[in-house]
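Consider the two complexes below, in which chain A is the common component and chain B and chain C are the respective partners.
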Partner chain A sequence: MWRRSASFILDNRNAAPPQPPAAAKPDTLTLSSAPPPTAAMADALQNPNPNISAYYQTRAAHHGVVTSDWLAQAQAAVGPRSVEGGDGSSSAADSGGVGGGGGGGVGRPFSVIDEFNNWRKQPDLAEAVAAIRALAAVIRNSEATTMMELEIELKKASDSLKAWDTTSISLTAGCDLFMRYVTRTSALEYEEFNSAKSRLIERAEKFGEISQKARRIIAMLSQDFIFDGCTILVHGFSRVVLEVLKTAVQNKKVFRVFCTEGRPDRSGLRLANELAKLDVPVKILIDSAVAYTMDEVDMVLVGADGVVESGGIINLMGTYQIALVAHSMNKPVYVAAESYKFARLYPLDQKDMAPALRPIDFGVPIPSKVEVETSARDYTPPQYLTLLFTDLGVLTPSVVSDELIQLYL
Partner chain B sequence: MPDVQALVNEFLFKLKNGEILKIEGSHATARQTAILLRSVISQQRIPHTHQAAALIDAVKAVGEQLVAANPVELAVGNIVRRVLHIIREEDLSLTTVAMAGLNVSPVSDDEGETDQDDHPVLSAAAVAAASRNTLRPPSLQTLLEDLPDSTAIPHTSSSGGDSDGKSKSADKSTRSRKLKHDVIEALNELIGDIDTCHEQIAEQAVEHIHQNEVILTLGSSRTVLEFLCAAKEKKRSFRVFIAEGAPRYQGHLLAKELVARGLQTTLITDSAVFAMISRVNMVIVGAHAVMANGGVIAPVGLNMVALAAQRHAVPFVVLAGSHKLCPLYPHNPEVLLNELRSPSELLDFGEFSDCMDFGSGTGSPLLHVVNPTFDYVPPKLVSLFITDTGGHNPSYVYRLIADYYSNDDLVLQRKPAPTN
Partner chain C sequence: MDPRRIPHAAIKPKVRQVGFVPRNAPPEPPARSQSYPAEASSPPLSDSPAGNSLSPVMIPPPRHLSDNLAAYRTPAVPVPETARRRAGHSPVVGSYDPAESLLGTSSPAPSPPSSGRLIVDGEFSEESWLLRRSNSAKFASSFPGGGFDLTAVKAVSAADLASDANVKKTTEKSKGSALELKNEAIPSSKPLKAKTTKSERRALQESQRAAKVAGRVEGNKSTAAASGRVTYAKAAKQPTQKKDVASAAPSVAASEKKGSDRAPEKDKKKDAPAPRMQFDDKSRVEKAKRRAVVNQTEARNRVELFRHLPQYEQGTQLPDLESKFFLHEPMHPAIYKVGLQYLAGDISGGNARCIAMLQAFQEAIKDYVTPTEKNLNRDLTAKISSYVSFYTECRPLSISMGNAIRFIKNRIAKLPLSLSESDAKTLLCSDIDRFINEKIIVADQVIVRHATTKIRDGDVLLTYGASCIVEMILLYAHEIGKQFRVVVIDSRPKLEGQSLLHRLIAKGLSCTYTHINAVSYIMHEVTGVFLGASSVLSNGTVYSRVGTASVAMVANAFRVPVIICCEAYKFHERVQLDSICFNELGDPDAILKVPGRMDVNYLSNLQNRENLQLLNLMYDATPSEYVSMIVTDYGMIPPTSVPVIVREYRREQLLI
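Take a look at the complex of A and B:
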């Protein structure tokens, strides 16, 4: 509460001394001084850049336009451990944890974080799925002999994953889902340990399919809402939204898309590229041009990084703004989100979440006295959303908390 | 079955004709659909295995035809889907009871929904509760339990049969009779509900209409009539403004009825609604259908009344029996869920024959007449829904839908037989 008062001068004075350089000095743009970890203990692996949201960095890597100096910084941050050409090299899908844990680190103890990072590099894989696959690798490599031991190991691994990146909602949700599944499924108590273990591993592997299946279900459900001749406004790059639009093209619908640029990672440009490949008429808008063009728009379609208990969503910075404009002009706002993105959070305002910061490159040096708002995401309250398309069905925002209870039951 | 087919054809003819809609309304349509489906089910011969699937198939076959005959009459589709949901529920409760003593693999249900039922002994109450839960949308368990895509209802009966071979045949034949019997009983209940929906809604009138209030309504609806009369009988004195509801002027009929029951009535034109709305305490109207998002398909003119009510902060109350609740989302209701009626209701052909002459030289005339039957009222304009189960918020409609309908029945087209 003190943060929001006008006494920011006092706050700055109080906060300045212990503040680490990375968060407040965008002109230098060098990353945190913490050295890249060398010999990593399995559970003590630190996120090299705790002030920068790894989740949003990854999204930028997958979907944004990558500039060369960003790439250099990313390499510096990840360190020599990174597997070169990491995209898609996890074709060694079932080869187990140790082999995929790090190309250079032979003989290092198994690390769930490494495993997770490995999976995360695949651009098509959702965070929650990567988390669950990483946890499956934990099970595979575990030497526990009883379910309790296994559960304790899993809990430790899940906690370390969550602590590694506190900003990623789907990561937390994926870990929670899997943990609850393991602890709540009474079937596992009756079965013999080894078969239970193999069943858990099999289920976790299958969860990856669920991600694809969920996207297809969502695409199918949303088809009726896209009519011929409509104009859709999209924000940022969402794989689910892309799937929806691809399916609409396959169903021979005629529509056009307005893409916002999505600063600072400019993920909208990537989406525009993809749509252009599908021969969909695309128009790119700078983020400020949304209100200007809103009267031509028939509907807004966005993805979500997380769906919260109130029925609102957490998504790329700018979504709240677009929803406000759409609401004031009576345009429907549709959200496409898979069910594992539902999180047990209830933000009361924009600052009520763990901060997820992302450095912004303005291209010109910014004086050090000037602060930059580097938050990567915002919260859109449920009253500005019309419908959510999920693999559980088409939901109005008020249904979400009901479904959440069911999901985490 | 030639007998049933004749009934179906007759009903189809009535639907296509539109007579039912014009004369009797969605209540009668719903009732007749339910009765028709009851005869279809009772006359359907079902095999010993996959009984529920056979019943569902038969009902879907008839349902498809009925819905295709008149897509705007949503009550038909609603009742078909209610019946399908009843069949699934009854089948599920029968199989869970049967499974209870057998201690076997989990009860599988429709695609995407399952429940790990490992408790060897289930009390009847638990079974009922389980059956309620398993037909709800998938939970955590189902996300992580991968399920075969084909409908698992045949799966259920066969797994039940496989496990205990001894009592298989005896068990099955009693079960087959029982399923049909249960379904028909439930259907009778449904028909009873449809019949009494007006009384049940009218019972709640006293809670909503208070002394010396002014109520506004438009056109004529039997539900509204009974609602107002019930309040009158409980000795509430109130006044009613009736907007006449052009072009059919059904408001005139309602005014006559209300005056006959001793209510102080004022008749106004539709255009005067905005002028009078500030003197009104509550707007009470009927509906043609209530959609899954809480939006209402109502007689034309009600969108305007709803907007006026919102502008002046007057509660807008919609009365609807549960057979009007439709699980579909309105994608383009003004066009797809509307019916355009004859221009003769607006214009006199004699006077306007020169303007509307389609046969003359240039082809298309300059005067077009649009006479829609329905209006779409978005959910944010509705304050309260009063159904036979009580009063609900528009955002609560999804719960009612989950209670009455299954997700699999939203699309009535039958899929080709699944490969096992």
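Take a look at the complex of A and C:
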């Protein structure tokens, strides 16, 4: 039986899915008593450091391993309950936020960006989910009395969100997705305003679950591709990839994993740590050892920060060269990505994207005359990818554009 | 649904011969198709160029190669998949209850078994998954966005499947396809389903299931058993008497019986233009000539591979036709004028030709008076068809014009009969205006906006020939202050690039001009290639001015992105692999003579030599792997997504 949504793969499972950790939490405890939105929202909160990609900063904070006690830190980050607890008492986190202007006082006007930064701090929450929850908070705090007003307000909020961090593709995609839902859902037109509003909020809250579910779907779908005795090369840390490998372990598959180091935030070490806990044989490679080990590898599995219209992916720096090496050695390259990462972008080459920069610590001082390439991501063209594992099913790269056209046009 | 097909073409498959047909040979003997292997061996290619004997290139029958206007093109042999898909796309087929569609989308929750459709669904679901996949990302976002009705689709596909199961067994393939055509024709002419009782539906399902199970058990080509099964299926259906979901009318006889139902069908068939002329088919050419207004003389010594394309001597007919300007009774002067402009080459460029044609049609429609005892819908369609054939005589139609004509005809056919003549005319004129505006003018603006986002400061952009959309992009990018350089590549004999160059320089862009011979030299400094297109076909092939393919290939070899700019109304669902079977031949003399250079005109008095064949191709096909991106009014898409656009927006384009 084939259903439209690939989620059928979940229905086939007997075991109950694990509790979605993040979704259960009610939104209302943050900023529930926020004052009305003001025009200040538009001009408020310029990104303090536009030269550094906030998205990759957050990633580094969540997945990066910079300090020596990374083991303990990672362990602390894994336990979702403990994270919930830490984040639940949240107004402190608000003030220390990347973009937070001042203290999280009660008298401060509501800001969608603060809200978003608040959400994005949770390591288990995808950026798109954070964006959608932030927009939901906009709806909740809105004083609009008509659908049109609400739409305009939302549009403003999503534009300011997008402008705040142009490097985050999931943020943009999440905003677009939600805006599309608001503007296109015909059911909303015939409804009374308040119930439409609550429907939107409900929808936004559900999105966290959807994102969790998407990961499980992807994990289930990709099991057919992981065979006993295979060697998988992974790059960087990706929640989806981790979920895939976890599920493979649960399914008693025997495989080993090569993790790249993932400089500069060394997120690969984090993944290696997670996998070691699952008793998966792991080997850590430095990023430059990919070609050296490629003939031992059976498949390359990477996550994606964004999937673009051509079917290519934008991902952590180094993905492109791994894909190139794998392609030249005829190894399959699989990408695990949720469908909310699909973005209406079409980079033609590496330079054709908004630069996402990130400081790199080389350990030694770099002479001022020496230039440092600080870009955090690269673009892998579709011809080097074999398949994309998404919650819509296992897709070839060319289907991505099909899905995007149907979604957004 | 049905006008896409040309049923009679499908019923009598003919193997067409391109190239050599002996002079005394009877025109199109059906037996030819059998005898071709023998013939293929008889005249070798190099035999005697003087004797006009050419190698017989076999070209598949014209079914799917028909004229542009023949509307939707279909694969040579209608494969069940496509048939099913198509059936699924028609919203009127089957009993269709919008309330149920919601249930169908969100979850497989069973709707009340009022229709018994669900049983069919369960039974056939494995086969129809393909179909369901087609309305995919409507739910992709897992938002319950608008989707379309799954249940209806399923029901139809099930019915269709049953018909396929029957049809498959009929002996001959051609017969089979013909049958299928007829089967498919029925439901649309009978859109409103008669209410069937529960028992009837059950009987239908039983019969379908039986047919299907039987089809599975036995192999597919056991004819003897098949006929039995067919009769069984028929017998089972007889009492139910539904002409609706059962597009599964199991035999030719059965569909013949319903001839009366298909009467409008036949009219449409008549209106649809015949398959495209193959100009190596002598008898047809003769026939066409007798009808023709423009009596062009054919150029001699055409290259054998391209003999199926028309090629005329240029410039001989114009004075004669000009003198006849007021003589032609049936032709509207506006139409005539535009036709002559085509002939003289005064209007060139896809959009310009299309707009000129549409505006001429508008004039003609304004002055149109329905003859007594005639129906506006039909008479006007016939009129338009005659205009179109006049244009075709002047210059072969472009694919974009074909799409525009299809749009007009569709609008005329959809006019409500109750509408008064003047209302209908104003409605049509405004429709045409809207088409020009939405599909061409606004589309161009959108494309310009999209494409300029791909121009960065310091870029060196290369373009080939003169595409008006590329010109607009370059000028707009310059206007908004982007710093870039332009390389204009040009080629003989048209030298269209010079006019583009002239306009770019006038606006102050810094340009480099060179000929296509130097493209591999200049390419290493180029950062982007912008090209226009006459049409984009559904396998991503770009059909454009000859030379485009070479430029794209060189760019690809140099890893320079190739960006094709093309309005979506030029997209076509045809698939073309080469530039031979469909192309346009220009004036052969144009490549023979170099104007102003007396010292290189060695060939000037050789054009009538028997052993000299001149080929002046107008278009070529660029394979999709050389194309990085296509910029359309629907955004920037990869060439693999052309069929998606065609699929998703064809309906809208016809309805606007």
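By definition in this document, the second predicted complex is superposed on the first by the 326 of 409 C-alpha atoms of A that agree within 3 Å, B and C clash if a C-alpha of one lies under 4 Å from a C-alpha of the other, contacts with A are read in each partner's own complex, and residues count from 1 in each chain.
Definition applied: a residue touches a chain if its C-beta (ideal position, glycine included) is under 8 Å from a C-beta of that chain, and two chains touch if they have at least 3 such contacts.
Small disclaimer: the values here were computed from a predicted structure and weren't measured.
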**Prompt:** Thinking of the overlay built on chain A, is A:352 touched by chain B (first), by chain C (second), by both, or by neither?
**Reply:** second
**Request:** Considering only touches as defined above, state whether A:225 meets chain B (first), chain C (second), both or neither.
**Result:** first
**Request:** Pick one for A:344: touches chain B only (first), chain C only (second), both, or neither.
**Result:** second
**chain B versus chain C as contact partner of A:193, first or second or both or neither** = neither
**Which of chain B and chain C A:209 touches, first, second, both or neither** = first
**Request:** Applying the touch criterion given at the start, work out whether A:309 contacts chain B, chain C, both or neither, answering first, second, both or neither.
**Result:** second
**Item:** Which superposed partner A:387 touches (first chain B, second chain C, both, neither)
**Value:** first
**Asked** Which holds for A:401: it touches chain B only (first), chain C only (second), both, or neither?
**Response** second
**Message:** Identify the residues of chain A that lie in both the chain B contact region and the chain C contact region.
**Reply:** 177, 180-181, 184-187, 203, 210, 339-340, 392, 398, 402-403, 406-407, 409
**Message:** Show me the residue ranges of chain B that touch chain A in the complex, using the header's touch definition.
**Reply:** 116, 118, 136-141, 143-146, 292-294, 329, 331-332, 379, 395-396, 398-399, 407
**Complete:** In the complex, chain A touches chain C at residues 1-5, 177, 180-181, 184-187, 203, 210, 309-311, 339-340, 344, 346, 348-349, 351-352, 382, 391-392, 398, 401-407, 409
**Item:** Residues of chain A that touch chain B when the two form their complex
**Value:** 177-178, 180-181, 184-187, 190, 203, 206-207, 209-210, 224-225, 227, 339-340, 387, 392-396, 398-399, 402-403, 406-409
**Prompt:** Contact residues on chain C for chain A in the complex?
**Reply:** 105, 108, 125-126, 129, 132-133, 135-146, 454, 456, 528, 561, 563, 628-629, 634-638, 640-641, 644-645, 648
